[in-house]
Amino acid sequence: MAFSERVRQILSWYPSESPAVLTNLARLMNSGSLAGTGKMVILPVDQGFEHGPARSFQPNPAGYDPEYHAALAIESGCNAYAAPLGFLEAVAGKLCGEVPLILKLNNSDSLAKIDQPCSALTASVKDAVRLGCVAIGYTIYPGSAARNQQYQDLRDLILEAKEYGLPTVLWAYPRGALSKDGETAIDVVAYAAQISAQLGAHVIKVKPPKDFIEQAEAKKVFEKYSIPTKTMADRVKHVVQSAFNGKRIVIFSGGEAKETSALLEEIRGIRDGGGFGSIMGRNAFQRPKTEAIALLKDVMNVFRG
Amino acid sequence: MAFSERVRQILSWYPSESPAVLTNLARLMNSGSLAGTGKMVILPVDQGFEHGPARSFQPNPAGYDPEYHAALAIESGCNAYAAPLGFLEAVAGKLCGEVPLILKLNNSDSLAKIDQPCSALTASVKDAVRLGCVAIGYTIYPGSAARNQQYQDLRDLILEAKEYGLPTVLWAYPRGALSKDGETAIDVVAYAAQISAQLGAHVIKVKPPKDFIEQAEAKKVFEKYSIPTKTMADRVKHVVQSAFNGKRIVIFSGGEAKETSALLEEIRGIRDGGGFGSIMGRNAFQRPKTEAIALLKDVMNVFRG
Amino acid sequence: MAFSERVRQILSWYPSESPAVLTNLARLMNSGSLAGTGKMVILPVDQGFEHGPARSFQPNPAGYDPEYHAALAIESGCNAYAAPLGFLEAVAGKLCGEVPLILKLNNSDSLAKIDQPCSALTASVKDAVRLGCVAIGYTIYPGSAARNQQYQDLRDLILEAKEYGLPTVLWAYPRGALSKDGETAIDVVAYAAQISAQLGAHVIKVKPPKDFIEQAEAKKVFEKYSIPTKTMADRVKHVVQSAFNGKRIVIFSGGEAKETSALLEEIRGIRDGGGFGSIMGRNAFQRPKTEAIALLKDVMNVFRG
Amino acid sequence: MAFSERVRQILSWYPSESPAVLTNLARLMNSGSLAGTGKMVILPVDQGFEHGPARSFQPNPAGYDPEYHAALAIESGCNAYAAPLGFLEAVAGKLCGEVPLILKLNNSDSLAKIDQPCSALTASVKDAVRLGCVAIGYTIYPGSAARNQQYQDLRDLILEAKEYGLPTVLWAYPRGALSKDGETAIDVVAYAAQISAQLGAHVIKVKPPKDFIEQAEAKKVFEKYSIPTKTMADRVKHVVQSAFNGKRIVIFSGGEAKETSALLEEIRGIRDGGGFGSIMGRNAFQRPKTEAIALLKDVMNVFRG
Amino acid sequence: MAFSERVRQILSWYPSESPAVLTNLARLMNSGSLAGTGKMVILPVDQGFEHGPARSFQPNPAGYDPEYHAALAIESGCNAYAAPLGFLEAVAGKLCGEVPLILKLNNSDSLAKIDQPCSALTASVKDAVRLGCVAIGYTIYPGSAARNQQYQDLRDLILEAKEYGLPTVLWAYPRGALSKDGETAIDVVAYAAQISAQLGAHVIKVKPPKDFIEQAEAKKVFEKYSIPTKTMADRVKHVVQSAFNGKRIVIFSGGEAKETSALLEEIRGIRDGGGFGSIMGRNAFQRPKTEAIALLKDVMNVFRG
């Protein structure tokens, strides 16, 4: 498949990467029904680890089975399927690349009370290579006092992943020395996107930002320069600008399961602000399969439109 | 010995493993009197380390001798014998594979007061290789604030073990930020099984769950979807489902020494819920040898039946 | 280009370095409009990471784009451009050495509350090599109780960098067990320069010192020997003397954005005290491009004059 | 020298060891005047490090000199001489194996107040190899909250030592979450012996146990099964049984300097309980040399008898 | 130069060292005006790092320049010059061995407040090799709760240094769980010398001990055996005895700058007690050069006499 102009343009923003890394980044953009558009919708399923099995899969018990999610990603036309080690090992040997896989290298369960937010490393770059993945995934918590450990681990992983030609998808969830609202404040989400880009992430995943400003110093600047934050499109625009003026792929999570029309409106805001796509877990796999596929196709249509 | 259909089916759930790992997993399933059934009964003897020698072995002093336990495992027809480094070193050079061995790589004694539950690494993958073992064993304490260290150590050990073709048997004992009842609550045990599977364990060992729900968020889901938890069979079914919809081998411990009929009733519940077997230490080696063999054979008959 | 006498003299102060390290040190001195003078003006852009994107780039939104800064450094005739991993990766593959690059290996964001000042390692020496940089950059916080970790990491990085022929530019910002004024006190800044030189830094970057003495023991000495500290030139002279009697390259930061005439007066003080140059970020990139270039040229003229 | 039946029997209890490790274990048993009996008396001199020089050596100032102790071990017919790095380096190059040497790899001084009992690593396996030693020595403090670090360090050292054919002599001193009496309680010393054996020690060194039970859970078992603890022989018997039913070499320390007849009575108790020997420092080197040699010969005679 | 009998004797106390290590130890003893006497005077200049530049160098501003100290060591006939990385790098490439160099591998500044005394590692063995040094230097703080880290780092460094034929000079400064007087108490300094020797140091540097006993247990022994501590010669004798009965090279620091006659009296005490020499920094480099050379020659004459 000849690459589209848009895909070529996006690849041009990563001029220092090896052909191998760019090849896998291109695979991510050239899979599924959004192939070639430069937009992407990814199915992530780490909730079994993060929230527990019943909370994650009982609403649609087919999801207890690791094969279900891979099938859902393929049938709905997602660009990729992202999951922890166990879920990917349970399918990778059968799929052999039928859908691009992203191995999440760290995860946090909700049984333990950890002093400072910090996920555990639960898989390695070598696992991603062994399973035929196209990228590694990693979660940082900007705002955590355990930040140094997380950034330093990430630095090592990015470097090792590059040696195998794998780009990095970074989940950036501000948490720690922040108010609850502050975790999704526009200034904080934009800052998290900037940090992620500076750390060398190839694809950045943040939560949809809210119309709230957390940091006093940032507030002065937002007011002085009248940076618009009213609409989702306004805020997404600022976040995308904060990721190297739009030259890094920034995608947005769907968050908690919600009603379809509210979800699609949010997706339109993300698209209008210049977001590169969505990563949608619970809103997809907790619905019955046909509903889930219909929803994912609607989301893809928004991004394509 | 031609593999049974059931063994082939179970091996098919691990499609990403190397032939070497699958070979050792098959050895585990094709040993002892349950060979070929896909069920397993394992004799574990780490109580000398975990609880002290007199508490463990005085009820049947033959057990002070490391050769006793290997003989017990062989004569009773267990699938494997699991123990810490010292006990295995004392017999491995004589057995040369007469019974499959599982080397427990970490252990915790009860002399020290440790702030956060965390076993000490007491043996290495290279020891397991040197001793001719078919698998490594490791204990995690989900719920411990030392979780990250444990998961990360495990990740390294699993990867190293795979390089030598060794699968991993994971002991998952929730402990730490949990109530005493919560450690064996149905939601918590199921969550521990899910975490274990996601971490890449090949065989998961949990305690028989109780009819109690620890986490408020989980409770809402159990009630909303009326997940049955009354009988042991109900609860085991949920745990097995939580381990990749039954596509991971989940076995259950016998716990404290108890009376034979109560024990066999528990075993029948485990079998009816779809459990893959038992790992039974004190209930076996603290009885006189002939009684212990009789009991283990009864247990195997339940699983075969 | 034949090396000037001054460049040869400066290189002679590093008699134990390999030809490869001296070659890159010479490249730093022989680039831009100050080439050959032994003076240097460097453009650093790490504020997006350290202070957040809006605070850094909204005053001149062109700065959201990583290509802007590289262009600014080239067009204004800076000796080098220093930035974190992401910003350099976004341009290095296009520039191919058009301007000398310095990769900052550690950074600190302002979202987290860290107990002891300590930046996170965010890039590696191998990244600097891969991106064709002429030097690595690193920040220490003398005065921090996390000092040992920082000095030890630095030691490893300097040694590794030398293996690739890369010299080290050290940002030395006293912080921790110091009063707010103490962080830029003349005795403390001079001490930081001495520590930096002893740690093996090739180029030392400190803040312009104030006419204030923090340490009681130092105060006695300043008074006993009447060390002059009234003017910026006096103070810079003491700092430069404290860096091996002027035999290490010491440059000074511009600090917060300020008015042009005040800035140029400060620069003249630095020059008169024997400072080797300036490293100027916000005062440059937060101005419109033409203004920024004019200012940087003025600064260079001061140092050349 | 043809091996005695007893030595052959003891070696048979280590069936998983390489010929190289067994060879050095045999050297330990076939040296000195107890050669071939399967009993051993070892001279350890680490008190200079652990208690300070004057307290250790002033009672017999010849002991300030490292050559004195090696001569004492040789002339008295000890099986081996154990000491920290410095003392062994001061003699090894002259002795060239005249007496088997055991290098103690960790030590603790009494100047520092350490939060949790944990010796410092003060020598390495490579040092033991370089000095021609027949074994490494290591101290653990079961009961310390720093247990994990100690057991894990030991695991690494044992494995590395085996690569060079060196067995491990383990000093097991319960300390930490224990009462003062509990440190030498019969249940605790037996537990320490069990832990040591499980950790893979080849020779285990404990203190003579007292007629006291520390742990409530253990007390129940000692009472229920009427385990005898009245005499030293009773207690030593339980400790030896707790070390793999007598299949690990367990030796006992002499403790503080004491009067000769009391000491010999203790030695007879150790012998009658099945102890494999003694490790006797202060009681030997703090006496004048002729007295020390006479005492050590008396002790050897007890064990031989 | 044929070795003197005394040098041969001293070398004979290190019978386990390689020819390479002994060669460098001999170089240390065969340099400067005390060559061949077995005595040594070393010039150490780490005060710029430890106390700050003005406090160290303003009394004699020539000392700001790293070339000054090397020249002072050469012209006065010192056995060696010891300094941190930066100072040595500034001269090593010019000197090419004109004076033996000792690279101090760790240092502590006085800006930070560190919880437990522990110097930072600021250079590596590879640096010492690269700079043509004859030995490494390292500082321990016996009495610090960070003791384990320091001893373990030292162990690794000594072993690595030996691989390159470099002996170790150990600065032993008791600090931490001690009274202020206790840091130089005779029992504590002697204990520090013993620890240093046991850790494998080749040359031990302590402070001149005071007539004070810190530890209650030691006090009993000093009184019982009437160990003399009145004069400096008495105390030095006990320290030297505590370092393997005089079979390790023990040298003494000059401490704070003081008046010449008091200093020379202290030196005579050190000599009379059997001390092997002095290491004298501030008392040398803070005087004008001719005075410093005169003083150093006087000190050497005392030791020679």
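By letter and in written order, the chains are A, B, C, D and E; residue numbering begins at 1 in each of them.
One rule holds in what follows: a contact is a pair of C-beta atoms (placed from the backbone, for glycine too) under 8 Å apart; a residue touches a chain by one contact, two chains touch by 3 or more.
These numbers come from a predicted model, not from an experiment.
Undergrad: Are the two sides of the chain C and chain E contact the same residues or different ones, given that same means over half of the numbers occur on both copies?
TA: At the contact between chain C and chain E, which are copies of one sequence, the residues are largely different (under half shared).
Undergrad: In whole angstrom, how far does the Cα centroid of chain B sit from the Cα centroid of chain E?
TA: 58
Undergrad: Centroid from C-alpha atoms only, then distance chain B to chain D, rounded to Å. What do you get?
TA: 36
Undergrad: Can you tell me which residues of chain E touch two or more of the remaining chains?
TA: none
Undergrad: Indicate which of the five shapes (line, ring, star, complete, other) describes how the chains touch one another.
TA: Drawn as a graph, the chains make one closed cycle, so a ring.
Undergrad: With chain B as the start and chain D right after it, run through the chains round the ring.
TA: Following the touches around from chain B to chain D and onward: B, D, E, C, A.
Undergrad: Could you pull out which chain E residues touch chain D in their complex?
TA: Against chain D, chain E makes touches at 13-17, 142-145, 147-148, 150-152, 155-156, 159, 174, 176-178, 187-188, 190-195, 197-201, 215, 217-218, 221-222, 225, 227, 238, 241-242, 244-245, 247-248.
Undergrad: Along chain E, where are the residues that touch chain C in the complex?
TA: 48-49, 51-55, 58-59, 61, 64-66, 84-94, 107, 109-115, 118-124, 126-127, 130-131
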